[in-house]
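Given below, in the form of structure tokens, are the structures.
Shared chain: chain A. Partners: chain B in the first complex, chain C in the second.
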Partner chain A sequence: METIVSIIFSGVFNASTLFLVAAGLQVVFGVQKVFNLACGSFYALGAYFGIVVVKSFVAGGFPKPLFIVPLIGAGLLLGFIGPIVERGLIKFVYDRDETFQLLLTFALVMMIEDVIKFIWGTSPQTTGGIDLIYGRINLFGATLPVYNLIVILCSLIIAALIGYILLNTKFGRIIRATADKKEMGEALGINMKMVYIKVFTLGTVLGTLGGALVIPATAVVSEMGVELIVLAFAVVVIGGLGSMKGAFIGALIVGVLKSVAISTYPELEMLTIYIIVIAVLVIKPQGLFGGSKV
Partner chain B sequence: MKPWQEILSLKSTKVLILIVVGLLFLGLPLFASQYVSYLMLTFFAYAVMVLGLNLLFGYTGLLSFGHAFFMAIGAYTAAFLTGKFSILYMEVILVVAVIISSILAALIGAICVRYIKIYFAMLTLAFGMLFYTFLLKFYYLTGGDEGMRVLRPYLLGFNLSEIPKMQYLTRSYYIYTLVILAILTFVMWKIVSSPFGLCLKAIRDNPEKAEYLGVSVKRYRWYAFIISGAYAAIGGALLAPAIGQVDPGLTYWTHSGTLVFMTLLGGFENFFGPLIGGVVYIFLQDKVMSLTTYWRFIFGAILAFLVIVAPGGIAGVISSLVKKEKGGE
Partner chain C sequence: MEKTRREFVKLVGGAALGAGVILAGKGRASAQTIPAKGAPSEPIRIGVMPGLTGVIGVPGTAAWRTTQIWADEVNASGGILGRKVELHMEEETTAKECVERFKKLTLEKKVDVIVGLMSTGNGLAVGPLAEELGQLWLAWDGTTQKGVEETMPKTKFAFKSIDNEAEAIGGAILTAKYFPKIKTIAGINNDYSYGRDCWESFQAVLKHFHPNVKAVEALWPKLGETDFTSHIAALKKAKPDLIMTSFWSGDVPILMKQAAAVGLFKTTKGCFTTGGGVHYTLKKEFTPEGLILGYNSMYFKWTDTWPLLTKFVKTYFDKYKEYPVYECDHAYFVLQAYKTAVEKCYSILGKWPTKEEVGKALSGIQVPSLSGYRGYREDNIMTCNFFMGITTHKNPYDFVTIDPVEVLTPSQIIKPTAETKLYEWIKGWKS
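What follows is the complex of A and B.
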């Protein structure tokens, strides 16, 4: 029982950050129809920047337990690269073939990887176990780090927020309308340029926030971006491209599966995930929730 | 039209240019440094791969983001046969690589060709990564992330183990690889200019129309996928003895991206474009890497530029320049 709880718990923790990145991928794919390979790179940027902010927060003599505030701030602040990337690169390929859009985001992956190496070098970095400041908690007989619980909670709140925005606000309605039919949005006099900038920024922020939140509980390495994109990719394929519900369920499936595999047959960790991805693509290429847009 | 352009547009002239380029490549080790010859050798191996990739990408309109899978199949075939089974005949390695990759491509292709565009790209990426984790995790079989050594193969039955390594690579093995590249280029040329190749182009431009005209779209895509996979495996098998060590990184998705990059750099709309892209990529990478450790940033910027401004690649730019000059006459 104890081990089962901690396995599932660590799976849900995986899922919570995976969901954020995958949600960023989905919202951009839903509206712009661009599959953004660079969402993993945004995640890595968020992680590195998160470390810097947390360390200077602690060095500045602020109370340690509050480190999560500047951490979230760091994730949100990094959203500024969204408009730059969208206006500087992505906007040129909206009318182009999907394959070229994919290649452009691949170019972005290459560039961001070196930007990270340039600023932070190649050696792994950590926040030095600052997450343990919140201690551990006993749940169903298993000892679980409280910080990880907070991250899961954050992720749930963000998921609820996204759901609220999409369903109940004007911006959300515009997003859903343009995801269905871009021409309609334009015909109704919506400023598509602004919508694209906002949506891409939202996608970026979700990625950087995911990276920032995960970082106190793990270490950053320069490959984390290209590794995560493959997982996020698995999430959206299983859940269905463009679907938020799909990102949520997909993240849970991939996250839990990953932690179950690690604790039982570590050799099979990613193998099982890819096999499921391929099975989903073969049996139901639109994914579990494909067809329901955004 | 200027006289030189008239000459250039003749078919026999084109063949002549090819022969001259081929002879230049052949004679290169005589006057270039061993290092340059070695880079050229890796280009020959990559050239075979991108020739195959472009049958899918340029001619059939399917972007594979997992083509490194097949090149890794070829490379690991070489490592297994030489290292574990002591089969050192290069010809045997190539034949086995073709057989294994064709079978795998037939199976995987049967699934993949049901989809196009982004789904095709994703599915191929997933298969590539599946193989990557297999290579990584089953270390007792594959050596894990350390990979496997590739022993020096016999060429045409000759045991050349007495020759110093670089001399073997830049002379004997160099010529061997070049000849295979020449043969495979000729074969690919025949494939794309055959009725089969024309059908592929018709499928790329308008699949519905092709289907309407009685072309079995999926079947033709499947054939293209198999040929393309076999080419990549031959390229991988040729690359393996040159690098001497194979590791799972060969099939990582970013390496598949590199193959697409080469194709796009040279120009996917032109038969020789990917080859131009391959040679430019390898020598440019070598140059940029010697100048800065941040070569990926520069290459990323180049790729972004290509996608946005010059999707036709180098070949596309050249042909549009030639056309412009012709138009000015």
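What follows is the complex of A and C.
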């Protein structure tokens, strides 16, 4: 039982960060039809900025156990780059071929990696052992870090919040309407420019928040965004491109599958994930939830 | 008068030691501000190929910084035989691009020597090219090994790094020494040639000393992986007495942090053969005492009695607010070896040497570097001591250091010749 709990827990932890990045990818694609490769880079930026904020918080003499508050603030605050990127770059490729969109967002990945190196250098960085102050709990004999539980909880809250916004608010209805038919939204007088800015900012915040939340449990390296985006692809293919529900389920499948594979047949870790990806592409090309929008 | 190769090498070898003493701090008698008689007036062009992005960005940046520090110091003291040095940098990326850039440096930039490259994959591509173009290539960390076999045992222009598996062999020797009672081991190594070869050679050496040791788990995360929570769950499931890893970059603090979160090393011993590559990131808060930690060819706190090291650590820290890692020593050594070889060739031949003559002088050379005296064997493979030890919190830093410091010599951890079969060599050891 101890082993099963440990494996499932690590898979769910992995899935919780994957979900945030994949959700950012989905919301932007769903509405703006742009496949944003840079969502992993926003995650990396959130992680680096999170370290700066946590270190400043601790250096300022504030109580260490409260570090999660400025950490979340850092992830949210960094969302300000969303409108800048959307207005400065993305808006120019809305009506162009997908190839241009991919090239542009890939260029953004490279640029952000260089910005990170310019500001923070290439050395790995950590928040020290600050996450350890929350301690561990024992569940069926398995030792689980409390901070990792907090990350999972935060992801669940964010997932619920997004679900609420999409289904129960005016903004959510506008998002769903424009995702369905952009022209109809425009005909009804919706300010598409503002919708695009807000949606892209939401996508950015999901990435930066994910990076900020995960950083106390790991270390940052400049290429961490690129590493995550590959798995995020698998998530969106399995879940269905543009579907938030798909991002949630897809992340869970990829996270837990990866964890189980590592514990049983470690050599088949990636193979297992991509067998599922291929199976979905063959049997249900639109993904498990590809029919439903955003 | 023409000299035979044997005479030439003998003269150079002896003279190199003399030059080393001068460089170690006795003075800079040979420093000149104008080129030596017969030496070209233009600067010496040095091609540099550091990896600055991705996982090799950490050691690559350290080596590139060191190269610049070295060049500034050499130029400030008059250059090499009065010729200033000029650096031409081309980034190390993929093997295909490295080949193009190596050609560009050689044919367009007309550099006198190329230093750098850390990936063996790139070394395998560039090594034959160096021989074909007649271009001196002094690798930092790149070898021309396929697995544990050397593919270029005889070279004239390609000077390769230490055999990849050396640190794993050192780690296994220390594991046998410090943890003689372990019965089971598990490995977590990157899924590429270096990771797999390190795991195999670690097991071979350990089983040589303790034949009953059993491997209970082997995990292969890909290079660049940034989450090991699932791997740690698998390691906990396997319950080994000791975990060995050859991680060397950002993956070391990640593994250490995530292991600390579940208390993995409270019950299991650890051997991080190459973790010292990012030693300053291993904070005491999450890195326990009692682990074996390898620093490869350079340990920044090795001694206070080697002025080159003391001065370099201070310069590096003052400039970058970091303590240097082993790649700095590789970068420093290859440049120092080149400089010494050129100076000695000149002192013997009375003219500026050709690349081939410098290559002959480099074979078998010994020069002072940051980690003490180190050199090239006659088959043009680097040799040097390796520094390993047991992690301790008893130091003034916020990261771990090692105590005791074990200095493993080349004869202990590097097979004697390029042609030697690794596992036969290990089998031939006395227990």
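To be clear about the criterion, the second predicted complex is superposed on the first by the 294 of 294 C-alpha atoms of A that agree within 3 Å, B and C clash if a C-alpha of one lies under 4 Å from a C-alpha of the other, contacts with A are read in each partner's own complex, and residues count from 1 in each chain.
Definition applied: a contact is a pair of C-beta atoms (placed from the backbone, for glycine too) under 8 Å apart; a residue touches a chain by one contact, two chains touch by 3 or more.
Computed from a predicted model, the values in this text were never measured in an experiment.
Superposition model on chain A: chain B and chain C are shown in a clashing arrangement.
Of the two partner chains, chain C is the only one touched by A:148; chain B is not. When the shared chain is aligned, chain B comes close enough to touch A:275, but chain C does not. Of the two partner chains, chain C is the only one that A:124 touches; chain B does not reach it.
In the superposed model, A:113 makes contact with both chain B and chain C. By the touch criterion stated above, A:186 is placed in contact with neither chain B nor chain C. In the superposed model, A:35 makes contact with chain B only, not with chain C. After overlaying the two complexes on the shared chain, residue contacts for A:267 are found with chain B and with chain C alike.
Taking chain A as the common frame, chain C overlaps chain B at a single listed stretch, which among 171-179, 189-197, 207-215 or 261-269 is 189-197. Taken together, the two structures place residues 113, 117, 226, 266-267, 269-270 of chain A in contact with chain B in one case and with chain C in the other.
Within the complex formed with chain B, the chain A residues making contact are 35, 89, 92-93, 96-100, 102-104, 106-111, 113-115, 117-118, 226, 230, 233-234, 237, 241, 266-271, 274-275, 277-278, 281-282, 285. Remark: chain C residues 52-55, 57-58, 60-61, 217-222, 224-227, 229-234, 236-237, 249-250, 252-254, 257-258, 260-263, 278, 280-281, 283, 285-286, 320, 322, 398 touch chain A in the complex. On the side of chain B, the complex with chain A involves touching residues 57, 63, 65, 111, 114-115, 117-119, 121-123, 125-127, 129-130, 133-134, 137-138, 252-254, 257, 260-261, 264, 293-297, 299-304, 307-308, 311. Residues of chain A that touch chain C in their complex: 3, 6-7, 9-11, 13-14, 17, 113, 117, 121-126, 128-132, 136, 143-145, 147-148, 217-224, 226-228, 258-259, 262-263, 266-267, 269-270.
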